[in-house]
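Heads up, the next two complexes both have chain A, just with different partners, chain B and then chain C.
== the complex of A and B ==
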């Protein structure tokens, strides 16, 4: 059914129109121009780095802490602030507003005359009231910015000081303390007097419920995890193959048999790898996986895709240079790891930066990471003049990754490196190798269309992988429980964060309001001339931020029961930084809410990773600053490259 | 457009002015509630009708919960001795304090008690007061500079001594490895609390900045990260009241038992001590920092006594523990703790 359409565009070779705006952009190019892509890559980099150097980082409890810090207040606020920034404005009062709205909520519930709590408003009245105050605050900020035409930086700086002063002033005026509490008095009051708890019980579940991992046992968890992540990964790879390659008019049907054979081999390999810990078992397992992936994916490609016509292998000097530098970095990493005494790696202390896994890990991971980046830059440079040459370099990269994996396995003292890093690196090497072979054999696509299969495969792959990962993080097995693991609680705040991000992303990308947001941020005057209600849009964006501040304030009130006057002061810059790290432009008109959410994750990982690695906290801000700077530079670089390639 | 803008600017000015006024009325209203005096900043309060001695207390007070206790102490002493006390709160502005010191010298004060948040600006004017023959005392902060001024003595808590007291507490409570969590970086006072702990505590101390009070979520998770990286930690000292509560929350999140100590007091912290969740808090008993200088100035003026023997007079550390928490909570509500 698809062949007729493809034959008309594909097989007659020369395309009739050469309008560059309609030029076909490959799947990778399309992914790379997304504003959040830099943040995704930076997040993976930061995660890998801390995973390698900090012992508790990969555990479920570490994940729970990162999610907690990322979700609220940081994440929710970063997403809202990103939308406002896309709309071309700042809100410096957003940090102080989180604390202020939490305090207002508690004050409305609390009995002002100082008797027992519970004589104040019911929560059902207090929450809508504080929400109304929040929205009024946003409306005020937005209206002031519109009416005065002053920069929002100045206007909201004013509201910041007003809120900061009001928080302290009113707290001391009403409760004579610099903190206001306590919300859970409602529960105590209901318990002692038998009166209604005024909605506290229900709302406490809604805003502060916790999923205690230790009380959820699921023996099949590891199977679900393995199956979900593996099948998910496989579907993503097949989907990307489908999106990347040109369909053949007549493939080789026997390829499908190869695909089936490959799948069986990979499943066997995984089973072998995870059921034995012997050296030979690992070798067998890894080879089975590698062979299975190669045979399966190449078979599938042979059955479906068009063979490569131009097979010249000319490598430009730029590619060779960067590849050579990569080889130097890789050699350096291996020499460094081999030279440093592995028995005493814990004693390597430099400027008080003692880590559990030692300076060796930091050095090795940084150098090997640099080598990988240099290799990939070389591949990309080669690909521009010769597809097959790029494939060849990629194959060499894959082999060196595999070699490094075995080096890590042989040399590392840490079980985490020997098992998890090893299998992960081997898997990555296999994927790269198969990709390299496929790119030397099969033709790339040169037109869009017929992408539904590929997109569906990629989408379902991600869902499966998430299910597997979720099973791993949310459940324990009986044997783990018997070994005595620490309590790990996932807060419902994470769901609020996910939900808020999803809604904002939908609004920004799928609704008229979202388009207006980009328009007013790009050029307010021009947008107004084409009929966008610019002022109204801006006011609504300010109200969105103050809504988020209200949500965060309420979440904080239910979590801490007491809120201090200083809560949130100065935090607004963290929200802005998270948004910028996530690819939102300071100048407006460009950015993404998903990116801001990922930016919040990067910041949470940086904050949590340093104590996890047992680094001296005196250096904390130096590290966070460096990581953020690197993330922002990397983001900018990738975006620049991708847009130039457009 | 400009007209409308002017109108808005005027409105904003009114709002800001009202906010400022609100703050003022708040202060004096509070003062009236507390002690029945009608005094505002810098006004002489004649408490006795017959007292011919006038003492000036010049501090960087912001009249917050901490300083209002100091003020009550000073007023109670002045009341008991029948002297006049002039309470001059500098609200963290050294310039204001310099002016106040000069005013006190000009009025021929019988004794000046001052806090020294920034010695460089304040040592000079106080030396001038000593040269004029006025007895000078320092309180709260100034332990390192009172001798250079020529002040009789310093009344306050040494942060270092307070930390040492906490270390002895942890020894008694059987802790073996303590995390000293700080809520600020590069705050000398907080670091001295931790280094004092290291001096007397028998086990190992990990001294870390774990996150600002302004973001308690991050603070709690920062403490959790350190606890997870060092599973053998069995004690936590938070060098402020909020961070102590964060330590409790982190321990509860991880489901582990810690011996927790704190610094200073909030009703929430006292409640947690009463409930037995937190073992103790270090109290610098700031009521004494108000009361004692007035008494000592009175004795120097009337009886030529010089207390302290050249050493500072320490007002702490006092400890609030589950045994005395209920009593301290009641006194804290009365405003003297």
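== the complex of A and C ==
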């Protein structure tokens, strides 16, 4: 293709040089080979599904409860278990250990007579003690697995039952019931007697503080939200443009003026949208945004990127076929939706699960979704022989998405679809359209150099969007408060989860220990031959899991009124499922902690979403089982593709 | 070449109980030269490697490294004395990237404990450079080793041993699992390693691979040395017939001509 020209421009100062034998993988392909990508797609899909059927999804209260369920015990444990699984081992005792360590912590604080006062240890002593017990448990599991060479499945199944029995036995022996009492007795005791609260006050803040949204008023919140998400989205798009396109040696400087003009137009458009409610105002605003995006991004591209050299529009038959099938599916979805009576809210007799309306929505969404997938397959096939042809098909796809958006607005009964889904689809269509135009005009890049700018743009875009979203979720405005909103509290457990995931991800990807984890899981014999302390690494991984169990146990002790002897039993499989859904291989040597965290989110969404959708929560297990199977198959497929692509 | 060989074996022998695994083996390895060890299955090649690599100790004779008699207690000891063995299974983790495999177990780090991380750009660049020095231009050091061809994997293992300070490189049947073309590539790596001043011990059962690259040939048969020749003392056909136990082949030829 254009490798000779690229070689001359692509290597000035970039740290990664390009090898001409290596077919360049576009930014999308490179994202697709990451182990957590399946989980990200699944998370978005599950969220959209519940957003459509369950009322609290898309509200701050829904977000708070999903985050809380995802964080602890599930998320923290899933991340630790994922690391152990990458190291090639399982820990079936991890679920029981969470409850056990919580109980141990509480029992250490109590005195022998069972009173939550007097002779028990201070929390400052009890916490390190229970941590030491936790680490000893992990050390025992790891050492047993190493010494006996038995599968960790068997060894930890044994320790699971030992823990389960010990929890019951000791609870009954010491407090004569199967639940141990609460830590907040300490606060009461300190208050009534004037004695020390044994560190309860401070540690309660550390482990169980809550951010009540209703007591945090910030009038500028909506502006921050709008600005953050729009600017963030813009930066991500510009960054992806930068990563996707080939830099020109000499661009057209006038393009920057176009970019500026576009930015101004977009800002005007947002302002118009924000300040009017009239139909014509909405139209003006949307058109200003679309025009601004097009002019701005094409201007920027003209200034920076190389024009497309091959502009032939020859479309291969494969592309035409799948595109045609897509048109058929889209037409089918619209006809089906138009034919079924939209007002009918009676139950369809089959299982009594869905109403006629619901059935109509499911039929429409699945057919339209299939159409979109077929369109994109067509685009992809077209690109192989003609980039410009692919761009043309993508533009048509964008227009059909926009058309579908208007159809949804006209036909849908629920305000969620009429406003939120409509504007989201319109936005997506606009982005696709601009992308299509750009891909018909400018050359894709063919090497990996010069990525700093693009990556920095994408990164800061995500940060900005998160700040905007955070402002929306964490604060209320006075008018909202006056209208009356439900209590929404964010627990500090979410921060513990985020911090733990960040540290584990850093350790796994950046440190020697992380490298050794992958190595002992991938090929223990080989890693030992080159001097990796394989046994020590495995023991440390088991200890990491039991550390996580300790952290979760302490969080539980501060959160719950009482800890039951059975707390945590059987949850170990949920951790494993979250890890597998997040792309971790059951065979070891492959996976990611970030994926496991996302897997925990998927599980949490199904836990919260099914009751929110007013379905019987018994369906939850069916749902989780299905997701697990789909995730395992999907990850396997993606991994195969990824290795073939390299 | 200097007069003292890098590694010298004088009448080495090894017994397992009453079984004589190796007896009377004498050879030498000079820096920058390739010593080929030839033998059929069961000839004692594995025992020979294990003595050199420190897995077993020899029971007889003398093993001299740069003129000093040595006897290794462990592979690690041999490694730290500069003797690196590249075994057939190569000690690699297929799902891990080339650079991670290259530095596995000896990763370069930045920072101080407990905040210590792998110096990724250094590791990637060094892996690429070291491979380039062997004449292998690796496409992408992020590529998983499992996706490399057999010859390329062999080259990663050799480059790794060289980078970590090996003076003597023992290659255990590096060409046995490879096709004709790949074998040629590996033979080139062997010559390249020797050119860079290493003493190479190339173990094979294929005289066609050994003859073009070897400077010295040790032929083993049933635990005994059948001879230790410099290159100018032997021809390829002599080598082949010696290795197969010359007399037996002659007998076979005789039978065939009579039949």
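Following the convention adopted for this analysis, the second predicted complex is superposed on the first by the 585 of 646 C-alpha atoms of A that agree within 3 Å, B and C clash if a C-alpha of one lies under 4 Å from a C-alpha of the other, contacts with A are read in each partner's own complex, and residues count from 1 in each chain.
Criterion: contacts are C-beta pairs under 8 Å (C-beta built on N, C-alpha and C of every residue); 3 or more make two chains touch, one makes a residue touch a chain.
The model shown is predicted, which means the values in this text are computed figures rather than measured ones.
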{"item": "Partner chain(s) touched by A:65 [first = chain B, second = chain C, both, neither]", "value": "first"}
{"item": "Touching partner for A:179 - first (chain B), second (chain C), both, neither", "value": "first"}
{"item": "First (chain B), second (chain C), both or neither touched by A:322", "value": "neither"}
{"item": "Which partner, chain B or chain C, touches more chain A residues", "value": "B"}
{"item": "Touching partner for A:618 - first (chain B), second (chain C), both, neither", "value": "first"}
{"item": "First, second, both or neither for A:171, with chain B first and chain C second", "value": "neither"}
{"item": "Which superposed partner A:162 touches (first chain B, second chain C, both, neither)", "value": "first"}
{"item": "Of chain C, residues touching chain A in the complex", "value": "76, 87, 89-96, 100, 103-107, 109, 116-118, 120-121, 137, 139-140, 143-144, 146-147"}
{"item": "For the chain B and chain A complex, residues of the former touching the latter", "value": "4-5, 8, 12, 15-16, 19, 22-23, 26, 29-30, 64-65, 185, 208-218, 221-222, 224-226, 228-231, 242, 245, 249, 253-256, 266-268"}
{"item": "Residue ranges of chain A touching chain B (in the complex, touch as defined)", "value": "54-56, 59, 61-62, 65, 68-69, 72-74, 95, 99, 144, 147-148, 158, 162, 165-166, 169, 172-173, 176-179, 181-182, 214, 356, 486-487, 489, 556, 559-562, 564, 566-571, 574, 607-608, 610-614, 616-618, 620-621"}
{"item": "Residues of chain A defined as touching chain C within the complex", "value": "15, 19, 21-22, 506, 510-512, 515-516, 518-519, 522-523, 525-527, 529-532, 589-590, 643, 646"}
